[in-house]
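The structure that follows is given in the form of structure tokens.
Labels run A, B, C, D and E following the written order; every chain starts at residue 1.
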Amino acid sequence: MAQLIDDDPRIIEFDVRTDEMLVNMGPQHPSTHGVLRLVLRTDGEIVSEVEPHIGYLHRCAEKIGENLTARQWIPYTDRMDYLAAMNMNLGWSLAVEKLMQYQVSERARHLRVLIAEMGRIASHLVGMGAYGLDLGTFSPFLYAFREREKILDLFEEACGARLTYSYITVGGLTADLPPGWLRKCEDFLDQFEPIIKEYHALLTTNAIFVKRTANIGVMSPELAIEYGCSGPVLRGSGVDQDMRRDGESIYTAMYDGYAFEVAVMKNGHYPRDHQYPPVPADAVIGDCWHRFFVRMLEVVQSMDLVRQSIDRYSACKGPLGEPVKLTEKIPAGDAYLETECPKGQMGFYLVSDGSAIPWRVRARSSSFSNLAVTHELCRGCLIADVPAIVGSLDIVMGEIDR
Amino acid sequence: MNLLTAGLPSTAIPLFAGLLDAPVGVAHYLVVGAILFTSGVVCMALKRNALGVLMGIELVLNGANVNFVAFSSPYLRGEGSASLGLDGQLIALFVILLAAAEAAVALAITLNFYNNHATVDIDQADDLKG
Amino acid sequence: MADFLINTVGLPEWLAWTITALVAAALILNVIAGGALVFIWAERKIAARIQDRLGPTRTGGRFGWLQSLADGIKLLAKEDLMPEGADGMLFRLAPYISFCASFCAFIALPFAFDFVGQRLNVGVFFVVAVLGLEVFGVILAGYASASKWSLFGSMREAAQVVSYEVPLGMCVVVPVMLAGSMDLVTIAEKQSGWLSSWYLFHDPFTFVIFWVYVTCAVASVNRAPFDLAEAESELVAGFHTEYSGLRWSFFFMAEYGSMFLVSALAAVLFLGGWNGPIPVATLLGLSEGTGDTANYFVRLIGCGNLLLKATLGVLLMMWVRWTLPRLRIDQVMTTCLKYCTPIAAAMFAGAMLWQLAFPGGVVRGISRPAGEIREGWLEGPGGLSAGRGAVGAKPTAIPSAATGTPVVPTLESSIESRDVVKVGS
Amino acid sequence: MITSLLASAVPMSGLLAALPVAAVNWHSVLFLLFAAVACACAVAVVLADNVVRMAFYLVLSLAATAGLFFLAGAEFVGAMQLMIYVGGTLVLLVFGVMLTAQAPFVAIKTSTGDRVLAGMVGAALLAVLLQAAFRVEPWRRPAMAAVAAPAATPIGMALLGVRVDEPVAGAPPAAVRSGYLLPFEIVSVHLLVVLVGAAYLARAKRRRTPRAIDVAASSVGPVVTAREAARSSASALASGGQR
Amino acid sequence: MDLASQLPMLLGLAWLAPLVSFVAILFFGPRMGHHGKNAAWVATAAIVTSLGLSLAAFGIWLTAHPVTAVSHDSHGAAVDGHAADSHDANEHESHGNEANADHGDHADHSGQHAAVVPAAYSGDWYTLYQGGSLRLSIGWYIDALTVMMFVVVTFIATCIHVYASGYMHDELHDVTDHEVHLSDGGHLHRPGRFPRFFQALSLFCFSMLGILIAGNLAMVFIFWELVGICSWFLIGFYFERKSASTAANKAFIVNRVGDFGMLIGLMALWGALGTLHFADSPAAGAGGQTAPGLFSLVRPAESGHALQVPDGMVKFANASGVSQIALDNASRPGDGANEIASRIRDWRSEGYGRWLLFIAGVGIFCGCVGKSAQFPLFVWLPDAMEGPTPVSALVHSATMVAAGVYLVGRFYPVLTPDVLLVIAVIGGITLFIAATIALVANDIKRVLAYSTVSQLGYMMLALGVGGWSAGLFHLVTHAFFKSLLFLCSGSVIHACHTNDMRKMGGLARVMPWTAGTMLVGCLAIIGAGIPFVIGLSGYYSKDAILAQALSYSQANPSWSILFYAVAGGAFLTAFYMFRLWFMTFAGAPRDHHIADHAHESPNVMVVPLVALSVLAIVAGWTLPGGFGLANLLEQARPAGTAATMSDSFLFGNLTVPAEHLSHEGAIHVTATLTAFTTAAAGVLLAAMMYLWRIISPEMVASVFRPIYSFLANRWYFDELYNAIFVRPVFAVASLASGTDRGVIDRLIDGIAWSARQLAGFDAWIDRNLVDGLVNATATATWNAGLELKKLQTGRLRQYVMFIVIGTVALFVLASMLFRAALAG
């Protein structure tokens, strides 16, 4: 045993020793994505332990949900993952619809796909830009926000809001798209497509970026599953799971007829539906680079889905349908549904006693689970790796603290 | 004569009278060197912090260096008297180099001491006490 | 200028020298402070353009050209905060030390042939040594701030700068070797002539080592991607986390001053100094003997040349900063120890061998006979033929002040021979 | 302001060194300035308790001494002093901060008795040294202008074993004076040894005696465990690129 | 490269390979794999290398000297007369060619009587010492015999190595030796000694090959002793067993007795002749000249290689006469030398030196007696069976015991008919005694051991009666079948875990391979074959011996007992060998416990058995065209020994008939028939007693009770030696010890007692006066040290203070004392 330990190459000792230091990273720190507080136990530049402290953004959202009708709670879901509010709306709406066994119209279904995927693009753009920021390069952040602004413009045109949309709602969507919107959306996609190459040049394939992310914060698939990670974080570790394909039928039915390939490394390669940059030699599956790369692939994937949904949506001639009444009674019972949000699998659970107001509301946050793995990933890394790892998890505190 | 020294009697004791207008000689440097040297020695004798002792050593070496340079300086050379010439400067150079090396070695010793005793108080370093 | 004051105005000599020195100091100070303002503004605009935005637009009417000044005034007016538990004296002193080091290094930097604060025969050495002191203020700031982030920042800075001084020194030694002098003025003078006489194009090794120098210079002044000491995504703001107001701006000025300094040093060492790519002055027939006015004019052009090159260097650093992510500290060290140092050493050896193989230079074609160059050490002040012409037939000049009035001691000069001193230019 | 003083001081030095004796002797003024700084900071080193402040004073003292060297015409030595000595002390400072940033180490007090004793002994030593200093023919008139401006070249040549500096009047001819090639080589090797030693000090090595908790932890699969696996920032920085 | 340089190189390498293995195992043995498992591979690889090299040498030899049929004409042995002289090989080649080309000329050239010089190469690798006439060197003497023996020895050793790597498997882990009883009633538990076994085995091979290749008697003696020590190692391998260590000691000591005789022989040769080289060698100091070797001294070419007392011996024996002549001619040394030379012939005819030559021959033979276990020194060999069976096989078949015979064969030209008679008689006695003991032995290995002794007696006898070729032929064939027999017995023991034949029986069913190969061995040893047609190897060699013995007894009727000994021996051999086989393999199992657990040995043991059995069958065959061992041996026949030799000295007129005479029809047929008849009778008797049970062995034993017990107690030889040698030695020893204890010790004790008294007084002075002084000094120093210790605080700061104070004090002092000097 002793022999074994001696030969363990992972254990390193230095002649020079310093004392441990407890450092607070956050809740006010440039790279903690909001009000996350990480307590680092450092020894020199080495981080020996990381403990995330959360709760700085707690707003009793679930409790509020138990005092509002289902549709009234929609704006609160906006404020969970405020970077992908559309997807939050969708998750809650579908959960309620599952309990009500409500079927939205075909037109609303395709529109929901369109909006949700656009929301995914917007969210991933923030994730990508902010990740560059975490690694000390500022420009990609602005490039990302430039494009995100265009998406927000489109959303604003559709629903009137730029951040908290409450657009998708129980029973459909609050309004149909304005005329000409699709045209603008297509224009945006056409214009956006070549820009992704720029992103790859600036970040994905940048030598320094690769050095900073490849082989950093490696998360094994087992670890990811154990911690309940989901979304790009899970797929970055090579686990082939996507709720849009593997979820419950009420959710997967939404994507019926859509062709997409889950962005995950299978058999040593990522989907080859588009021209992607090659995986650098240093990168190992499950590291920061792969998590980042999966997000970049999902942007392209979402663009494909948006294009498909535009075609389908325009082909639908029927009415969009009206959302349910604000005070619509929910049948007694409970329902739980997980949807694939940009950050991961977002689950909503509600128990109804038959009234319009749910008896219990609960949200399962993907970022919460993703953040929990931080202390595993950051053990023994350098301080500079902490933002790189936390950034690669792409967490949103609004969703975690609720 | 200038404004600053105009008021001072030029025949006062050389140490003070000539300070501003008399040219600087070797002895001036030697005084500085002596002060540096003494400071270093006192520092070594006083500091319980091993790093402080190191700094004392640096001061001592530096004081010696001042003397070397002074003796070798072409500007401070007295009329007709011999000086060390470049030799003084070269010795000063070697002292500087060796002092840097010495600092590295001494630091290594200090660090080992710190690793073993969890302190840099050299009063604790009495393992060889008789 | 001192002579002018003494001889013409009739001021007492000590006063004349004081005034001369103060003028020189003020000039350099202005270069740094003013330069910092300009560069900060330029950086904002450049960064904005790189990032697809406009940058400051309103202050000062157009282009926001007064924005830096406005910010400076704002900084002056800001409350000077000092954290509880900070080491007050060191906390206050640290920015000045940084700034002083940056400023002091300018003393030996020649802007044109005689436009130099103090021509030192160990000029290169002096500049590098003093520049290295800048980090001292940073360390003190980091320690004195009583903040862990600051401490981290200063530790990184210390390690980084100390490490990068090694390859930087090696890079700097190459032009010194080629010129046979550590005097910056001499080094720049040796590169006079066409573009091809710049040391950058002297041989392949110098070309490579120039880029090593650029890397090391960027690292030693803590600019992206080597800005570990203030890595905002990790260490909040590094060593100056706790600083505000004027003290903070001193750090800023020191940083921009250093940037300018290393760029200017690069220009002097590798890019011909104040010599343009085309020897316009020589082509026009302007030379040392043409006359004072023309001479002065030529030097002004040279000064502009140098400032332009240095500015280009600064702009290059900005461009890099707004493009690349930041390296991690161990990667920075790797870059230094595993790449820069060996490459610099190899290039140094290569340049040496090149000198041995082609003493006259290859690119330059027709050049001085080898013997003359080999005996170069005999020239210059203090050599065997001390006082008999450092550059060409010119007498050795010991410049008196930044204004460029060399005092030339001749062999005949003695204690009483102050009057014999010849006034140059 | 220190800034302006420094700014003016340094450019004046070389200039004033070349000046003949005149009314107000800037050389003396600057000498006094640097000497005062050097001595005051040296004394401050002795008096300071905080190790970082000590280091700070030490650096100031060394820098001022470098100024003295410049004044004495030993420009190369002065630059070396700045670069190596001050740089070396910088490292000292880094380690000092690193090791003693914890409160208990910042100030290890010395007893008053020790202080008094050291003061007395120091005074005695100073007295002896000063006595010796004053015996060196005091305040001899230097012959400043008669000398050539200093240059680094003779030093370099001397290090290569060739003496090109002119011998002082009355001294034996240059051919007799020996160079410093051998000491130079010895010092180079010495420095190399120190370099290797420093690398050895900062190198990573395997742990010998693992704690039970780490044994357990390492079997779970973390990459590096807590304290034993630690790298100090300095060693991490110095050795560079462990990953 | 010509033959003269190829052969020494190849054989030298073959000789050294086991040494390499020995050194390797010596230093790295325990580290060779688990418990030194790979040591077996190293040793085996070495011996296989040797085998390969030997075979290569053999091939080269055959190419250069094709073996052809020996013409049995009356002109004598017409072996190709390649005069051997490696020092001028070219000249020799041309000479040989000439000889081949013109056979008739040959006789004139080499003197009368067609004395043939064998093809032999000799030379030195390294001269150990050279001074005066003595030259000790590491050299080689290579002829057909050497080459053949190399092949035989290395082949058998290879087989045994392979076999042993399986047999010694137990030593790979810790061994509990059930035969060693500790005082606490338990059994010895010790770590395995696998590498050590192979280490000794390698050294043994090296030593044996050294004897074979040796170019002079000194070298022979060195390796002779090495073989002895190796046998000591190997026999005493289980040295914890008392019997094993005793046996090892016995073998060693008994051999020393023989070696003492050999030393005498060596001294006689060296003292009289000044050389120990077999062949001519470069003279000491003189360039280009050759000093004659032993062979050419004893059988000088100018006298047609006929045996004569060498000049040196004559002069040595008649030292007084020589000195008289030298005295007479003191002023003219040249004349003196001439006179001596002229008178040597006379002296020789007067008989000077004959004794010396006789003593030299008998002395050398004494060594052989020890090594080859001849009467009266044969007692060690049966006890040597305590060693592991592969050792028994190696020691008793091909190597150690063969060394003696080989040496006699090699030294043959120097032996006079008297010596030969001694050899023959000793061989005959040995043959008979050993065979009779073997009749009644029940230990399977002991039977084989006595059989070995008996067969060695055969060989000695054959050599003694002039059958040089016959004896050595038998040596080779015996090597094959005896090692085969031993390995078979090892296989049986391995299977049964007992040596006692009475507990065996019926093993042929469970161990068919072993039984078959053992049968082959038995048949070979009794010389089975279809008369005049074909037979196993033993058939040919035994026939030759019988024929030569017959020839000898015809020539010397008074010694015809030798022939009867041979014939009787053949009968006895057949009897006890088949007794062994029947008791072991045939019939019904006597001990079912053993029979049930018996099993065929592993392949690694069986394969050598088969290989050896094949050789035991074919080794004696002569192929059409004449290729065969016998003819090969003829190539090596020493010069001059092919002729009939008559002499008269100690034992009257003796005629040693030429060997080719034994091939004459009458003798040959008689011998063959005798051999066949006796062997068949032996087998028949054995079958009757042990297979068919017609005659009860028990009954026979009870009828001949006295004889039986006499035989069973091995003729009481051990008891005899005990009484003659051991007891007296013990008595003398106890007398000496008594004297020592009673007289000398008393005296010394008395001296010691008085010395003690004196010392006590001295000690008192020392303790009180001297020590007091020293201690006082020490105490003072100690106390001073204790006081000074307080200054050694370990505090750096105080030290600095001390330094400063010291410096200041020094300055003050200096300035006060040398003010003037300092002021200047």
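Just so we're on the same page, contacts are C-beta pairs under 8 Å (C-beta built on N, C-alpha and C of every residue); 3 or more make two chains touch, one makes a residue touch a chain.
Predicted model, so just to flag it, every value in this text is computed and none were measured.
Farthest chain from chain A, judged by C-alpha centroids: E. Chain pairs B-D and B-E differ in how many C-beta pairs are in contact, and the one with more is B-D. Comparing chain C-alpha centroids with the centroid of the full set of protein C-alpha atoms picks out D as the closest. With centres computed as the average of Cα coordinates, no chain lies farther from chain C than E. In whole angstrom, the spacing between the mean C-alpha positions of chain B and chain E is 86.
If you average the Cα atoms of chain C and of chain D, the two centres end up 24 Å apart.
If you average the Cα atoms of chain B and of chain C, the two centres end up 31 Å apart. With centres defined as mean CA coordinates, chain E is found 93 Å away from chain C. Within chain B, residues 2-3, 41, 45-48, 111, 114 each touch two or more of the remaining chains. The set of chain C residues touching two or more other chains comprises 12, 14, 152, 155-156, 329-331. Each of residues 797, 801, 804 in chain E touches at least two other chains. Of all the residues in chain A, the ones that touch chain C in their complex are 21, 23, 29-31, 44-45, 132-139, 142-143, 146, 202-203, 206, 208-209, 211-212, 382-387. Here chain D touches chain C in the complex through residues 2-4, 6-8, 10-16, 18-24, 26, 50, 52-53, 56, 59, 63, 75-76, 79-80, 82-83, 86-87, 90-91, 93-94, 97-98, 101, 143-146, 148-154, 156-157, 164-165, 233-234, 236-243, going by the rule given at the top. If you check the complex, the residues on chain E that touch chain B are 788-797, 800-801, 804.
Across the complex, chain B meets chain E through its residues 41, 44-48, 53, 122-123, 125-130.
Those residues of chain D whose C-beta lies close enough to touch chain B in the complex are 17, 21, 23-25, 27-29, 31-32, 35, 38-39, 42-43, 45-46, 51, 54-55, 58, 61-62, 65, 68-69, 71-74, 76-77, 80-81, 84-85, 87-89, 91-92, 95-96, 99-100, 105, 108-110, 114-115, 118-119, 121-122, 125-126, 129-130, 132-134, 136-144, 147-148, 150, 154-155, 158-159, 163, 165, 167-171, 177, 180, 183, 187, 190-191, 193-194, 197-198, 201.
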